[in-house]
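Letters A, B, C and D name the chains as they come in the text, with residue numbers starting at 1 for each one.
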Amino acid sequence: MLEIFGDFHEEQDESKEFLMIGFSPGSTSLQQRWRNNGLSADFLADYMITFFPSDENDPSTLEREEELKGAVAYIANELLENAMKFNDFSFESHVSLQVHLYTDHLTLMVSNNLPIENVLGFKSFIHELLNTPSDELYIRQIERADDDESGTTSGLGLLTMIDDYNAKLGWKFETIQQHPEIIVVTTMVQLSF
Amino acid sequence: MVQIFGECNNDPLKSQEYLRLRFSPSSAPLQLRWRNNGLSADFLADYLITFFPSEENDPQSCEKEAELKGAVSYIANELLENAMKFNGSTSNVPIKLELMLYSDHLILCVSNHLPSENIAGFQSFIHELLNTEPQDLYVRQIERADQDDNMTTSGLGLLTMIDDYNAKLGWKFESILQEKADNIIQKGFISRFLNKIASLVSSQSQRAKLTVVTTMVQLSI
Amino acid sequence: MKITTNDYSIKYDTETATISWQGFMRLNGKEYDPILQLLNQVIDLEPPIITLNLQGLEALNSSGISMLGRFVFSLAKKKKIQLIVQGDKKIIWQRKWVINFQRLMPSLLLEWK
Amino acid sequence: MEIITEEYSIKYDVATATITWQGIMRLNGKEYAPLTTLLNDVMAQEPTQITFNLQGLKALNSSGITMLGRFVFGLQKKKTIQLLMQGSKDIAWQKKSVKNFQRLMPKLQFEWA
C-alpha cells in the first residue's frame, strides 16, 4: 500500500548530480551516533556546493552559495535527526538520505521505518502542518513543547523548513511487508534556488 | 560473469555498522568534482571515528584513533580518485563507496564501471601487484611515472595500501546489462515499473553489456 | 619561487635552499605539473643541499607521492645534490612514506620533528 | 554561569546581563535541559533587560530553536523583562528563523551585527 501527502514525486531522470548515504540501523546508542547527523548534513551541503561554482570576485554569488549551504545543512540535519529518533531499529533496514540536483531546484529525501504505533500520530501532524497558518502552528508547537518535557520536537523542524526556507514538503508511506507490518516513510523536501 | 582476484569476499558477512555512499556518474567535469573525493574520504573517516570513543586522558587511544582516521581517509580518497578517473563517462552506473565495520577489522569497498578497453591492462597490473615484492614494484612504478608524463598513478595508490597500511586487497569484475545498471539507482516503484515496461519494449540491442569492478580493501583495527 | 592556493602552498627559500610544504594536496595527476616544474627549477640552481620541509603537509594523495618520488629519483640519478627530508611522525602518510623515499635514494637524510 | 563543551559554549555575564552563545549546537532534545536550567536561573535574577548575543552561534537545530522559543515565550508571559537579541546575517539559521521569536514576543528587539 502506498499513500502520498503534500508535494511528493519520484525522482526524475534528469537529475544530473546525486548523492545517497545509507546508514546502518545502529548497534551503538543513539547518543553516541548523534554527532554523525550533523557531520553527515555538513558533508552533504559541502558536497553539493561544489556544483555551484561561485565567482570569487562577485560577492552576491558567494552569499547565495553560503545561504544554500546553510539551508541544506540545516534541513538535512533535521531530516536525519527525525529519522534516527523515530526509526524502528528492530528491523533490518537502514536509514537513507539522498540529495538530487536539478537546474533550478534540489530535493532532499530521507527514508526510515516508522513504528506502527506512530503512524497515525505522524499523519495527523502532517495534516495539521499542511492546513494551519504557520504563525499559529509555530506558537502551538512551542506551547506543546512547554507541556512536554521530553522534547520530541520533530514538528518544529518540519515547520521551519516550510516557513523559513520556503521548502515544499511531501511524504510517502509505503507498506513494504504485511506480516508483521513494516511501513517505510520517505520525507521529500524541495528547495528552489 | 564474475571474476575474483586477491582477497575478495564475494558476500561479506553483515556488519553491524556501515555507511554507504552512491555518487552520480560524472556529468560535471572531473576537475570540478575532484575536491569531493577528499571531502567524502574525510567524512567517511570522521564518521567511523564516532564508533571508537577514545579516552581523552589516554594518549595511546588518541594516537590509535588518529592513525585509523588517517588510514581510512587516505585509502578512501585513493579508491574514489581511481573510481572517478576510470569510471566510463558514457555509462549511468553510479559509483559506490561502502564502509563496513567489524569487531577486529573494517572493509572499504568501491565499485565503478570500467570501460572494456581498460580491463586487460588493469587485470595485468593486479597480477603484478599480487606477485611482486612491494619494494621492487614501488621503484618500478616511480620509474614508469618518470618515463610517462601522462601517468595515471592508480598503481601506486593500491601499492601503498598493501605496503604501508598492511591492507588486504581484492577485486571483483562483474558483467552487467546497462538496464540492470539503471536499477542500481534506487528508484521508487513507479519509475521502476515504467523502466521495466520500457525495457520490455526496447530491443535487446539497446542493452549494452558493462563491466563493473569492485575493489575491496580489508584493514585490521 | 612559490605556489599558493586555498588548500596548499609550496615555498622555496633560496638562502637555505629549503622547500616548505603546507596544507592538503590531493590534486588530479596533471595538476602536479606546475609543482614538478618548480622542483626542477630548484634542481637547476644546483644547490649542494636541498631541504624538503614536509611538516605542514597534512595530506598527500598517491599522485603527489609519485611526484615527490620522481623528484627524489631524479636527484638520486644526478648524484650531486644532497637531500634532507624533514617530516612529522604525527602525520600518518609521512611516517609511512618518508622511509620509502630512502629506497629511491639511500643517501637521503631524514629529520623527524 | 556558563556551560562549555568542545562544540559550543554559553556564558552569562552578570554585569551586562548578556548571554553569549558560541559554536555549533545540535543536541538531542533532552541534552538541552542544562541550558534551560541556566536560562531559568538568569530569568530568576530578574534583570530589567536580558541580551542574547547569538553572533557566534553558527548552527542550531530545531530542538534548540524550540528551547530558545520556550524561553522567549516564558519571558513574554512574565512581561517584566525586556529581551534584546544580537544576530549575524552571515549565519543562515539566524537570518531565516529570527522572525519566529518575534512572533512569540512582539516587543523583542533585534540587532544585526
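The rule is simple: a contact is a pair of C-beta atoms (placed from the backbone, for glycine too) under 8 Å apart; a residue touches a chain by one contact, two chains touch by 3 or more.
Just so you know, these numbers come straight off a predicted model, no measurement behind them.
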Query - Mean-CA-position distance for chain C and chain B (Å) - result: 28
Query raised in the report: Using CA atom averages as chain centres, what separation in Å is found between chain A and chain D?
Result: 25
Query raised in the report: What whole-Å value do you get for the distance between chain B and chain D if each is reduced to the mean of its CA atoms?
Result: 45
**Report entry** Multi-partner residues of chain D (at least 2 other chains)
**Finding:** none
Requested in this report: At least two other chains touched by the same residue of chain C: list those residues.
Outcome: none
Report summary line: Contacts with two or more other chains occur in chain B at residues none
Query raised in the report: So what shape is it, when you link every pair of chains that touch: line, ring, star, complete or other?
Result: line
Report task. Give the pairs of chains that touch; include all such pairs. Result -> A-B, A-D, B-C
Report task. Please name which positions on chain B make contact with chain C in the complex. Result -> 30-31, 34, 37-38, 66-67, 70-71, 73-74, 77-78, 81, 85, 135, 138-139, 141-143, 145-146, 151-154, 156-157, 160, 163-165
Report summary line: The chain D residues in contact with chain A across the complex are 24, 26-30, 32, 59, 61-63, 65-67, 69-70, 73, 90-93, 95-97, 99-100, 103-104
Query raised in the report: Of all residues in chain A, which touch chain D in the complex?
Result: 30-31, 34, 37-38, 66-67, 69-71, 73-74, 77-78, 81, 85, 135, 138-139, 141-143, 145-146, 150-154, 156-157, 160, 163-165
Requested in this report: Please give the residue numbers of chain B that touch chain A in the complex, ascending.
Outcome: 15-24, 27-28, 32-33, 35-36, 39-40, 43, 46-47, 50-51, 53, 94, 185-191
Query raised in the report: Given the complex with chain B, which residues does chain A contribute to the contact?
Result: 2, 10-11, 13, 15-24, 26-28, 32-33, 35-36, 39-40, 43, 46-47, 50-51, 53, 94, 96, 172
